[in-house]
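Labels for the chains are A, B, C and D, by order of writing; each one numbers its residues from 1.
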């Protein structure tokens, strides 16, 4: 195969597919290449919390991007469901970020204040208020920060919807297609090499999550991203136990359709290992039972892992490669890949089209230490 | 456990759950008992075609019931989705009942005529017209009867939605609860016996599909229902292959959400065997490939079976037991269990409330041969 | 179908198949009927410990039967593996029945003494001795009773081997065949009724585990057996963690081939519910980690349940029905179904042949309370 | 992690693990690195035929290697089963290579003659003789070449046994560890780079099957290996249908333990796509039914794929890298990876130890076209 594209996207996770969707909408001839199946890694494993205010505790560019991305879903989800036959399962019943003790209460109350200043909705619920709304939450908690606008989705289905919508708009998806190298001449990219031959394109975007670092090593760039393994499991319940997402330090419970609850997630830094461990399950089970004791009666369904890409400074890398013309990077979304997909797609499409006017805080130029000589420093 | 209910429903398939839903809505204290899991047998295995005009080729009471039931889904589906967190996946893109040769064409054209007389929409598509709308259908076909109003659902999810909606309205569901006998005194039912004790109720409704005959033998009634095994499989496709359901003699292809196609179904009379056979898959594969050759490129997903309850005269039994007061039967829906669930629920609730005025053509009195002495005649 | 057999066995668990195997060897024309698949319930769920000395703590008829049955496996396993293509995975590395505290230590030491008197091998290992042999066992334990002769098997494979060996010797197996009633005339059995017709036989043996009570109600007999649900899970390890079975109060860890460890089992009395619960997993995980802390690094595999049949006095029922000629019962093996299968098969075959000379302590006559009037007493 | 080894093996398929086993036995400090799980690709997907005479139709070095490797299993299998708790399921009942017509008969008879000359056992069975031994084989066949010494194994279990035996002997296994590059200095290898850091070793052996080409591109070598996708499925039977392996053009049926039959395999050249296709299943089903019609009654189990590495000249590459000291290659075994594993392990260990005296026909020097300039020629 020797085809020519406007843009090639390396990685069929949610961000790769979101970029493909935006580019296809703007008329680009685009292809997504994935070494396995679409949304087969972290995107398909995610619990799907759109936790702009839940996960990001400081105002700043990432918080702004997250809030914007979250609001983009309002129109995106009906658009994607319309274009595809995929049901995304979007729910908009908020997140309860609980406090287990006085200290956590104070931290959350300060957070509420700061988010209110940033014009985002958030309020404090005492344990009594909380239990009125979520009667199965443990009464040993102190209360919760309630974030009404942090909804949630079925992450795999949403990722699939981005991919299928892209196909509908003319994009091509190559599954089981491993990109081993870039075709580079004089610091300009001309395409990629795969196990089955070469694909040519004007632009190449690396959106390979935790695996982005490896492929970028080919260009002499050691992108400071580390793999952070997370384990999850799910249970089934007869009657709804919780309406909103219950979120605590080290454990969250997310109510899905058909009576499923997704419980996540452990954190193991610097691990690509996709095995679920006994110890991981043990930890999550204990924490979940402390949040919602009644979960003990739920039916066990199964467990899985995802490998999340954490960047050195906590911000994703969204921009041009510092040394290769035509090569772009959209990686390092850590636990916010699902949340940030719409904004990532739009920003990357803007960058490719040369449309971005204001400074981009996610540019790769922000890190001095990116040059090849520093390799191994992070790991 | 020794509880008292207004009504007990033996069988948690779609019809049992639909009856529970109607009764709960009307204020009854109701429980559903299932020997395994909700929708664990034929209801969960069904392809979900709402084939009022597709499956029922003669006008008459069953055709009328089917058309009515189909139209009830218009309001029922949003109601159920609202009450539960279940996505039913209702699609309303019609059925193409194809003709492979001149004879089938004539039969279908006559059917169109008779259905149009019965004020139902149906029209003939030549093969050229058909291919314009469904370009992947084989051009070796003669054409198709198009039935725009025969939609389809995800049968398991719909069954679950009925059950969960019932729970929301106060019904109780007992899974893994096998009813071994009725509590009968002087030809009146007082409840049921299960492996774990007795449950009392004013009314008991048997909605156990192909397993209804066995439990009813306890009452001396040999209900003429036989089990008809059907095998199905599903595949995954990248881009939609068909918009509507493609329906032929011995094989149908139903497009589901997220790019799934369900292909069914073999017919093995008098079998409770739930194993998928090599021979069944072989037969379906050949037929499906003749309908939509491009399906050869689809990704194989998996196969399963369902045991459908066929009644001796083709009509379901919906009514009172001929000899036991308080005992009711709703069984024998054969391949139309999903389609007929709304009307079954309503009719059975009406019967229990003594509301039915007009004659009920599905009464058990229609069959003389129901008495115990005739046992074994059918089998 | 209307066939005539020498003996029909109702239930294709390990004991039903073992009886079929013995009868087929002795030249009987025999059939096994199962409502689902062979070994689909408790037999397939068992951890497979042949725990004659582990599980049975008092000398007496059951202990004698258990020891005899265990020793029968020495020749049976090669015989079964030879007759079939099934690998049974028999391991003979003993059980360590651990003591968590001084009291448990004393109990175990007394047990060792009594078993030694009964000429069975058992010895006390201090925690240091124990750790020398099983270095991953927790050093917070006090020590263990070591039982060298309590081996273990893969319970599903062994059950399957009994069934397949029976087939090889001429027996027939009918899966998905539910026996709804017996054909009885004047207190003599002539066969059974199934969903698909009648099968005739001189003898019928009920070996339906926890489901035996229900079918026997047809004969006016309320067999005092209750269902006891047990949950298990398995993990995978790279290097062997334990050589023998580690057995404690409420939790055991059984090393299987290919690096699998089976951990069991919870106890829920009076439950046919086959769902794995969050709470069950939680309990087992905690206990297992206390026994072998290193298990935290094992890979999670999956979880399942079994429904075990517990009899009122702890002994299985192995003998003739008190009121029906030709009807026999082999049920109530509780947690010892795998262990007792060989002796059960032999004893039941002897009883059918009228060969038993000495008194049979497992006869149903031992319980006065079996008559129908007492129904419901136990439950 | 920064560890130092004697040898690193890139790829944990059966050949990688066999090499690790041989090296560990000889006292080497060795590690196996796999990007996923041990035996997770072609090795775990293989049907496990040890088809030295079945697959290799010409005498020559590969035939000699295959026959030698096959005979090595006689002692290896008990050794591996002894060292690990893995049951390999070795069966030694021969292969029937069937002829569908006169032409195929002649070809096979000539093959028998030539193999007899090479002192290997093989004989012609007329269709009557064949049916006497394998009564379920189709009587429309002409007959079969019977190869008594081509046994078979459970390929996944055997691969696992090699890996676990290596661990027992001191080797380390790193799963989910992707080797992205070699550490090379002046044409000498010093180790490998992985996603999580560097591992150092005196020797590195690439045993990555169809994925070997990609990693070797790092060294400027375009190894002429292409991926050949194969699809398989399995069914379950109650009684044995065949004793030996039935092998025909395009389809084989291999009887496994516990009544499983594995049916393989389609051939799709130049594909890394691991999806099972409808079309692949369709093709295999038709062919299998022609070989053993009774298979139609078997129970469907499931389907899977494997990606086999085919070399340009049909011989595996077993030897040193033409340009890098310390770098070795053991890849390109195509459909004979399971069969050739023992000999591959031994030969590679000999090569690393400098022990090989006679010329090695599998050396990479045999191909002139290996230099980087030729890249893309094959694909």
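Simple rule for what comes next: a contact is a pair of C-beta atoms (placed from the backbone, for glycine too) under 8 Å apart; a residue touches a chain by one contact, two chains touch by 3 or more.
Since this is a predicted model, take the numbers as computed values, not measurements.
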Shared chain contacts [chain C and chain D, defined touch]: A, B
Chain whose Cα centroid lies at the greatest distance from that of chain D: B
Length of the line joining the C-alpha centres of chain A and chain C, rounded to whole Å: 48
Averaged-CA centre spacing for the pair chain D and chain A, given as whole angstrom: 39
Per-residue overlap in chain C, given as positions that touch at least 2 other chains: 275
Residue numbers on chain C that touch chain B, as the complex places them: 36, 175-178, 180-181, 193, 195-198, 210-211, 213-214, 217, 227, 270-275, 376, 379
Complex contacts: residues of chain A adjacent to chain C: 235, 275-282, 285-286, 288-289, 295-300, 302-303
Residue ranges of chain B in contact with chain A within the complex: 84-87, 89, 91, 157, 160, 164, 167-168, 173, 238-240, 255-259
